């Protein structure tokens, strides 16, 4: 099957105590799965994009726990099953001001850290409209850094549009390492998405969003650069034109996964042929809906996104 | 037993996933019962009114699930048990801006849709101080439309005060159908309660609340008309006098059932002999308390309502 | 994609209170999905068979709840989405001697009851190794009875092996109706599976399992007949040879879905080219594992089934 | 309203951790209500007997928690509401051999301990077919011992049949105290129910069940004596005739409340005019069903009891 | 072992329904333990102070439930085990405006009400840096009022700093009784903590916080007086100097226990040798974090408190 | 503080889905902690032995989750806090015949794997009556193998009795590695406990329990050898005398941790000065009670163990 969107990256088990309970005293945990690249694929799949997620997982109930959930959301997992590696996981404790949300990664030596290009379905990448991965992937191991470079080049060579979210994780590497690794990939990237603070901290570029985007386009010749600014919305430059997209106001239940849902919404509409402007507003609405749902995943329909865009999303329908 | 308040209508099973979880991925549901007319009777019963609820239910664990819960709240169910009909149910997913609360009705062919006057305890209706039903009842079937007309006339003839909430449900019928059916009942109704937007959409009357109420009194000769305006409170005209009642500010947990609790609070105090003004403020306080409780039901005491009215309802008593 | 196994039938929402709690007093329900034909496809998929499930569902969160769960288990749903029909559901209360397990169906007017052949992916049926449906499907509506006959004939004509489980449901039709409808389909069925008591009650045939199987083969010329006898195991006649398969002893957690898991296990190994004898023992082991799992579904691996067959399935591995 | 059965006694909050979890490490508790006399009334009400339960409770959410649950099961509570007393409660930890089930009573100074006859609805007692209380009631306070004697005499004088379960509780009083108090009530009791071991330990009578029953009839002139022997069933002497009733085999979920359900089943059929023999078998079947349900209460229908008597209570009906 | 902080008082079982559910309809309760003096010790222990809590408890699973939880949080319980007394408990229903949070105490005749000095580890008190109890303790019984006086005197005589929170509980005694009892203890108290409203209501002193504190220092010669003013922060006078501490803004999950956490934070830093100013800000940050956690207890680390003080407590760290 | 019992080893997070649910489809997990050496210390502490558990843990909420639970059960953790290592965890899925219980370890690179003697409280070991560790500890890393040897020698030299459970884990090392490592420690071990099957598989010794025990005493000069044989009880040789102890029959809820509870019970009574015979029967009763409790831990009192020994452990006490 040819999928419109192919993503590659790690998906972890997500373990969290009930809201308001601390990990160190919890007696039950909610058990989900999450990872930037499967999150993006899942958001896009719920919006109608045929999506495949590539990864490497341990051949165990824990690895199957991951693929079961990814499949549930309409994404086809194509997995290199590993006899030995670990299944990455993370613990998350939802905060409440002034207590921050805390994430504890337990992902060292995950099966994916040994993934090489030959283990992945490169044919799917070559046939896709868009291939997506994030800055988390090369951060996980030097093998993965090489693999990421290889498959981005493969995608580019095949004419597949490549999208990349900088997605800096301070618990995985330093900003210096992240900058060097990311910039080495930029030549093979068509669409760069980056949080404003990551551009400041990792790429060491400063100024307001527009300045950051212009500099990145100018220096690396991206087709599209999207700078996300949290509650201040997003700004894109595409083929020389600048687009500004405000964020929707939300009554947030769970903020984790908002950025991935934004990307998933954008790519879904990009693939469907929407204009940058339409895709950006769609992305913002998808992200807003995600914030109302527990877990990392944008379990939303295209119809619901459109209701948000039409400002009908309130009250009770009965 | 003679009950002060008798209501008639459908009560459904209410199934909802935990807050923040979508129906399409839920693995557990909270299981309650709810219906406009039993909600009203339950609110009144908690406030001290002897209440009977009339309905028709399937003779099954699901039908008993309904009567068990209604009885728990102090209302006596008098049921025409049906060997064949369905138990109506609805699924509800609590929203969070910009995601709306969603209701999925699954009530077609419910046992009640075949209920005829002879199956109901008309003696109870004749002996009651107030009989209440809502615009949902005639919407459920043509048989029920006839039955509703018949028992409103029965109540009127017996000198029982009749109360009716317009309660438009777009998933049951069109505004045109609702208007025709409702207006045909108005001659037998003493107290009309209607949400401002329903007066606009269903009765095709426009203007501010006072104008709407005056028009309805003038055209249909209601003893009392109450227009509810959500956060803008309520306005009543009774025997030519206008009353305005602001809404109490709340930290809302679950908004479903607020309107029914308002009506239940009003009728409880109407039956107890309060003035319209006192009954309206009692109704508003009952509705405010309901908003702090999960589920459709106003599980509140008269004492708690009075504390809200005396503005003592905050802090921690210990 | 060509699937090895294609099944067609209704899948319902399954709602059950916690074990030991009665429906009429329950305040939470477990929320799953189940249906004979998707159960069979899911068992086979977990055992490595590529599987597609055909159905018709309402285009609603409830319909998506079903496809999400089916996909989770590795089966591809191909759905005729309906704007109007209901989503069938059933309530189940697990018994404990002397209290029987109780099932309350709420499946009247489900979307699938209007499914016609043109709405189904007949190409998938034609390309499959095996097509499976059960006696529940024609029981749901006269339209479905016609559709079932049509697609069994389609499968036969294309050379696809057809498998059918008699699966009598007394709450759907009489034994007389079931007999007439089932027998009219037998000419297009290669593999008949039937519970011993259904052969007695529905087909009005009597005697021990071997006699029943021989009579069915003789009268209807089935390639394979499998009679299941609960704790007494199963008996098959295939191409004139008789096979007996004892049941495995289990410490049962949830018996619902055992029969479907048996069929799923059998078809998985039939498709893989196993002998009837091997497929039967695999089926019995799959069914035994299912009994240890809450819900209708055989969430098991081929490796686990093999451990049961090798009698290694006990103790703790660590 | 005239009720057929009136009972009087304490109903407590019942708090238990999940099965397999110890109280001293539990973080959640299941929250129910239970008491011998309301249990009996509830069992009878579920079987069709109109039932009233008399008690005295604190006027608080905890007292209302009790009446809400009693009402849910179809029993009408008539309560002397107390401004000051406590709400009795008990903690229960389900055992598993060799760990016994443990009960911790926290019922000292409960509101009911001050209940005097004038606070109770003696008219209901006089109009009832049967009045029931148990040996727990006089054990709770000396005031209650007097009240129990008074209302049993009231019932007798009015021609109401009086039923009494010895129900010895070692945590409330000594066997010597219990014997003296119980025997002083026997003159006003028509139907005595007693567990075999209580007859041994409290009444200091020995021998097999028949001997015990004969001695009690002979010494105290009871109309009916029923000796319950757990898994060995029950034996009754009524008007000189002896009846033996075996117990039904069960797969027990929760044994608490079995004895009360037996009494409730017996009285329901006694009131309905059944023979002693029929009432005893009905009682045993009701008790057997109770053992399959979590909590103290026999949430069963007459139809289910009859299925057990007809030995149809197994398998799955669908 | 010598502990830096020793506290003495009652710890109860805390029973609460899920948020949004009323006690009178709840079917599950969360089960925790809480008491002002163990709360203070637990907050201090989590912040690094070696802490001992003295009490008297029934020798039962309920008493052990309390010590297990106290020990879990790093406080050593030294208990006089009682064969007979009750385990105090309280029910709490979280409010939501306009519905107040409701507390129902069930603590009469708790084992601790008979505690005499000889049953307590006075050596631990003498060796501690700080001894703490609150105005709840003398309110529980006249024996405890004597014991409280005795051990405060013991502490003073040994040079242990004594700290006391006025902590008025209207459900335990009148303001007049509380005033008389508290003032009789003041001579033996070094550090007085009091909520502004308690100073008004109990001590009958009026004016703003500074006035109240100055008056108390002047009349009773306290070394330190701290007046807490809820969202308006706190004010302290120590050795003639006045300190003002604003409260941190919070997104509150559970407000119960905030005051105890403030005291625990203050004493932890007082014992560590911090200045009054530093200890106050630490106390305010500890209290702010507590408000984000379900239950009475400040399950926080020193590092987290410092993050709040450095204003880093927001966002997601990953 | 001097503790009577000191143990050293890894304690993991224990994550399990609800019974009857598979890991690969679970959405919630129960969250506990467990490890052979803390399990032993906890069983002994609940039975009255002062106990310290030594380990090395990551300085994180996960590491604190472990110490909180260990402390809750009355054991004092003395921890080398690590800035970098992982917190070991394991997933467990309870089986039901024929499905085995499955354990998935995720303990590679746990903080403890780098623990050296200097990081541990050797003074506590020297002052203890008994020091205990198991064959799991040296299996975790070569550093731990050295550390285990070092501290066993330290204990021996100080006159502390050393106890060791062979505890073979096939997922950690081969039987050959285990044999070599274990036998090299035997010279410093006084009390050896070993499951019969581990003696067969790891030590390559064959025959019945008595033969195994005699051979081990003869070859390695242990003071005491205890061979555990599951449902067949245990056999000990001590100072030349043989003792046989049958197992108690149980209605098992959770078998994990039974062996550790046996050892904890034995050591508690050994330290208290009991005879080998008495300690063995106490151990067997402790293990039997553990089997009735969810989780690895023997949350039992000495009184409960004695009830089992006196055969009073059945029925309901109330």
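Should a chain be cited, it is by its letter among A, B, C, D, E and F, assigned in written order, with residues numbered from 1 in that chain.
Operating definition for what follows: contacts are C-beta pairs under 8 Å (C-beta built on N, C-alpha and C of every residue); 3 or more make two chains touch, one makes a residue touch a chain.
Since the model is a prediction, treat every value here as computed from it, not as a measurement.
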item: Third chains touching both subunit F and subunit A; value: C, E
item: Chain pair repeating A-E, as identified from A-B, A-C or A-F when over half of the contact pairs by residue number coincide; value: A-B
item: Copies subunit A and subunit B touch via same or different residues, half shared test; value: different
item: Distance from subunit F to subunit E - Cα centre to Cα centre, in angstrom; value: 39
item: Cα-centroid distance, subunit B relative to subunit E, in whole angstrom; value: 46
item: Computed distance of Cα centres, subunit F from subunit B, in Å; value: 62
item: Where subunit C touches two or more other chains, by residue; value: 22, 24-25, 27, 68, 72, 102
item: Which chain pairs touch, all of them; value: A-B, A-C, A-E, A-F, B-C, B-D, B-E, C-D, C-F, D-E, D-F, E-F
item: Residues of subunit F touching subunit D in the complex; value: 72, 248-254, 285, 288-289, 292-294, 299, 304, 307-308, 312-318
item: Touching residues on subunit A, where the partner in the complex is subunit C; value: 1, 68-69, 71-74
item: Subunit A partner contacts - residues on subunit B that touch it in the complex; value: 18-22, 24-25, 95-103, 105, 169-171, 255-256
item: Parts of subunit C lying in touch with subunit B, wherever the complex brings them together; value: 15, 17, 22-32, 60-62, 64-65, 68, 86-87, 89, 91, 93, 102, 104, 106, 108-109
